[in-house]
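Okay, so here's the structure we're looking at.
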Amino acid sequence: MAWEEPRKTGMQYRRLGNSGLHVSALSLGGWLTFGGHVENELTFSCMKQAYDCGINFFDTAESYAGGQSEVVMGQAIKKYNWNRNDIVISTKLNWGGANGEVLVNNHGLSRKHIIEGLRASLKRLDLEYVDIVYAHRPDRLTPMEETVRAFNHVIETKGWAMYWGTSEWSADEIAEACGIAKQLGLIAPIAEQPHYNLLVRSKVEGEFQRLYSRFGIGLTTFSPLRLGVLSGKYNDSPDAPPEGSRLAQGNDKFLNYMKNDVYGKSEWQDMIEKAKNLKPIAEKLGVTQSQLALAWCLKNPNVSSVITGASRPEQVVENCKALQALDKLTPEILKEIDGIVGSIQLDPARQD
Amino acid sequence: MAWEEPRKTGMQYRRLGNSGLHVSALSLGGWLTFGGHVENELTFSCMKQAYDCGINFFDTAESYAGGQSEVVMGQAIKKYNWNRNDIVISTKLNWGGANGEVLVNNHGLSRKHIIEGLRASLKRLDLEYVDIVYAHRPDRLTPMEETVRAFNHVIETKGWAMYWGTSEWSADEIAEACGIAKQLGLIAPIAEQPHYNLLVRSKVEGEFQRLYSRFGIGLTTFSPLRLGVLSGKYNDSPDAPPEGSRLAQGNDKFLNYMKNDVYGKSEWQDMIEKAKNLKPIAEKLGVTQSQLALAWCLKNPNVSSVITGASRPEQVVENCKALQALDKLTPEILKEIDGIVGSIQLDPARQD
Amino acid sequence: MAWEEPRKTGMQYRRLGNSGLHVSALSLGGWLTFGGHVENELTFSCMKQAYDCGINFFDTAESYAGGQSEVVMGQAIKKYNWNRNDIVISTKLNWGGANGEVLVNNHGLSRKHIIEGLRASLKRLDLEYVDIVYAHRPDRLTPMEETVRAFNHVIETKGWAMYWGTSEWSADEIAEACGIAKQLGLIAPIAEQPHYNLLVRSKVEGEFQRLYSRFGIGLTTFSPLRLGVLSGKYNDSPDAPPEGSRLAQGNDKFLNYMKNDVYGKSEWQDMIEKAKNLKPIAEKLGVTQSQLALAWCLKNPNVSSVITGASRPEQVVENCKALQALDKLTPEILKEIDGIVGSIQLDPARQD
Amino acid sequence: MAWEEPRKTGMQYRRLGNSGLHVSALSLGGWLTFGGHVENELTFSCMKQAYDCGINFFDTAESYAGGQSEVVMGQAIKKYNWNRNDIVISTKLNWGGANGEVLVNNHGLSRKHIIEGLRASLKRLDLEYVDIVYAHRPDRLTPMEETVRAFNHVIETKGWAMYWGTSEWSADEIAEACGIAKQLGLIAPIAEQPHYNLLVRSKVEGEFQRLYSRFGIGLTTFSPLRLGVLSGKYNDSPDAPPEGSRLAQGNDKFLNYMKNDVYGKSEWQDMIEKAKNLKPIAEKLGVTQSQLALAWCLKNPNVSSVITGASRPEQVVENCKALQALDKLTPEILKEIDGIVGSIQLDPARQD
């Protein structure tokens, strides 16, 4: 994979926060797809297509498809015989990986689960180490020092990871982890993986504003299309998800909740309204609504990589075209978008 | 094992002190039973019954039955093919494990014995690591820094344990260990394993009072029935232990001492007197005296787990019924109990 | 290899900076030769000759000949069955070793590349560890703390190196690395590998002046002959390199640049002028111009070893004769040389 | 080996300085005997006899008999199948172990030699770890921080030793090592191995006086008989060593120096004079002169173990009888001895 060489996709590589690790601006995640409803062969094709498009960063988690997402991702790495130093693999710990049941100690961010969980993830991935291990959610009962020490242990003593990060933590939790790491001379997290898109901006742009410069935290963001809403595919189905859509198929707890308790309700209608209003902008720029949504995330300089999902190789190719839309998002266009989705008003007293 | 799911036994899982490790409120210990006078098959059945009742925490020591307690516990874990992350195993170091003889360096809390002792324990258990390694008693001649460094070494460098604790240490010894760990940036103990029951309260409720909030120390307590006194089984045998009781059989040094030098003497009579006075309370609540004694220990919020012994599976089931007695121990009942066994008067100047 | 025993070559062994590691005053480097244009058998002979002349220090890099320099050096060590503790092996990381292509993460001084790169180097060398691992160039985008931690990790946790150093770093970068190491209690670099010769003195003698006493940094210098200019072999070929010279053959990017864009130009003519003026001094001392140039480097007490190249064993023997020229470089001769090449004027305010 | 159980020899076990390691008051060293002039079978018998007398501490060095002392000691441990936790094994690093030749890096206290040297010692001993690794002499050119870090590395990261000590260091060197260890949070030395006997007292009793309380340093002393002088065996041979004595046989560099340049000269005559004057005291107490000399060393409470040599099992038995002489060394007798050999006058200003 050539370094910043022009490619057909125009893939960019960005440092993850202030670290020395480079991740592709678009990445491929295994949530709800790998090891799940997407056939393994199709998963392999998606990963191959992603790699060929210049994507070097693949994200999974112990809990995705009960551990099967890791298994399938590991098989793809073996199958295509990629150089280990050519790819960036991340997994996430919190809910255990053996099965859906939440167990007494096989979850959370205790020393026991971080060590046992990562060991199990590596076994499923059939890898010696991951590049990034994320705390999939905060664990508010385990002392932060225990968690920071355990991540340092798997990185520094065991060599099972190169870096660690957080996912869906609050700003103060990340700051606490960084402060404890500094105080004890341990390795601090380099990245946070938050929910971020045109419809969900406040945490990344507001609450987190000081984390970037103060702690060098980078972002790998998920859900760039807000479960597909920003692709525009639900624009014309106000009451129920159209057939064939993920929400229509979904037999997952979270998706069922979305389908039954959110879809069509007032918050949903508000999102659809915004998606509809973004459509003319996408058309004006000559890109799809999805590409507009992905490119918009990438305009945020604190975003190192936008994690995308794909159940078919063609989707990967389509997503990568978002890179070509980056230059089209001029300040004027961005302002126009703010007018539709609403921008974040920062507290001037909290500015550096 | 389901997390805080209601079970028939109503088993609870509590964090061990301030740590991220969860232990079942009742646990099974191997003292005097496993590898000792209880047949191996019976030990296996006890452990199986305990696991099925929701007990996830099993405690042993290098010195129990000259190491055989560890061997048999390890065999049970293999036999029932339990997931390692589903159980919490602890052992304790101080007196060596090879045989009854106390040797020159094969005991105490020197770096040499902590490393050599834990290595030998793991070999007997046939495990890669224990969850908690306890200092079975203080070693007042070895510098505390050497001991703290050695426990940190087996946890952080070797990966032979997840956490460490103390057993029957004084409050100032625990505070010294925690202070040295903080000063040197090493891992501090998370738990103390003291003697605690209705007849022996002063250390846990008095001397230790500041350890819980200041150092996050949790308790795994032993001898909840005061060698059976609190079960009421010696109530009607003032002069000699009744046939079939552990004290009557005991050919162990400690049990012989109890039988010959304590049984029937004035201190013993005082204990029996209290046990007899507790009987009406147990009857009023509709529980056995043993269940009352176990439940009373669990009402102390600093107690994470009460270590019980069992030589027959039925005893495990009986013990677990104590969980159902918890709600019956109302403030009024607890006050009534204090009137019988005497409560601890704390020095107000030492309160936080 | 006898310690400071007189030898035919008069080889000296010097501590590398303030460290306890001893390197021969002349050393053999694998740049552009080993695994490259020099046949493997010839490389083996050069290394054998060097070892027999008392050279104990061999330098290579992951990027030399796309990793082949390491492969061939490792084969020589095996072939001659040298004791590992008798030789000092260094390699350098920054540009990856697999092939000429610069890849996304397979370069630089990130934790990922330092760990993956050194692992790959050791595999090519077929060694358990190198004595010194150098940062081949600074990486100004990776945080210095990440780099220092990663070098400490491969030395202290992995045991893959004994010491680390830098190459072509600025004085402030070296000072920053040493300061971070001191602050975090990690291992600091012991050596810098700069370009240093009669025509390129200012960095080593000026910019670096405080590094030696303040941080105990030692030097292993490269390019003692300024690509052959100081050997006098280009003295009589003003316009194009003489046939058979490395510059004439060179199909390497850097050599082509030298041949096409530097050779014969004004800066080049200035160097040739100085080389011509040094000739009478060499003749007066009865040594070759090359020996004069090597000996001159060794007169600098901050230089621990001068890295020489060789494509034939005879060159090694010739180079070693420079050791016999050391005593001939009296203060008067050195002053005469300063008159020709120009000396460094140090800022008195920056002197200790 | 029973802990402080009375034995026929009355062997004592003492903590090594302030540490938790217990060593027998008398120990067996391999200098000039094991792997050297004593046949291997005889060495095995000496070690067996020592072990049976309650000696648990065996001392060797990489340089003794070119490494053969370690080889033979390792064979004895295997042959008698001693429990590893029952014995204390020490070796010493400084001069390399391969052969008599002093090599460029295969000596001293650099990180390279401490790691490579201890690895080689363990291979010769066929052990996973030694209990104590000593710096056989100071290395005044290697930075103390490098040496302390390297000993910490082999103990903490590699697990190749339990403790480290020094041998024949000055008080300030030991204090510097302890101070650096404290500052960096590393493991400090616990013991010094000095030359100490009735004729050589000033360093242990004078220069070192503050080390014991300030740094918890313990002593394992060597040469208790001053090369046999204190046994009285040279009393009647003023001019040349008697036939059969070690000095008469000695073909070792040091012994030759003693025989040719010291024996019979004025300093020697002074020592013999003192040895002759001690004879009546030994006779009065009913012990041999050797036993008097050994027992005198053990009366110093800062001495944890006196290292003895033996070339025949009978000597071990004889040496152990010194333990029975301990009580005979009353304050009055010790004062009488001071009158003969001279006592140390301590500087009151340096007293604590």
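Think of it as A, B, C and D in the order they're written, each chain with its own count starting at 1.
What we mean here is this: a residue touches a chain if its C-beta (ideal position, glycine included) is under 8 Å from a C-beta of that chain, and two chains touch if they have at least 3 such contacts.
According to UniProt, the chain labels map to these proteins: A, B, C, D = NADP-dependent oxidoreductase domain-containing protein.
Just so it is clear, the structure is predicted and the values come from calculations on it, not from any experiment.
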Labels of chains that are neighbours to chain C and to chain D: none
Chain whose Cα centroid lies at the greatest distance from that of chain C: B
Type of chain A:chain C copy interface by residue overlap (half), same or different: different
Angle, in degrees to the nearest 5, of the Cα rotation that carries chain B onto chain D: 90
Between chain A and chain C, centroid-to-centroid distance (C-alpha), Å: 45
Centre distance in Å when chain A and chain D are each reduced to the mean of their C-alpha atoms: 63
Where chain B touches two or more other chains at once, by residue number: 157, 185
Contact pairs between chains, per stated definition: A-B, A-C, B-D, C-D
Touch list for chain C against partner chain A, complex: 96, 98, 101-113, 115-117, 120, 139, 141-143, 146-147, 149, 153, 157-158, 184-185
Residue numbers on chain A that touch chain C, as the complex places them: 1-3, 13, 15, 18-22, 24, 56, 83-86, 88, 131, 156-157, 159, 162-163, 185, 187, 216
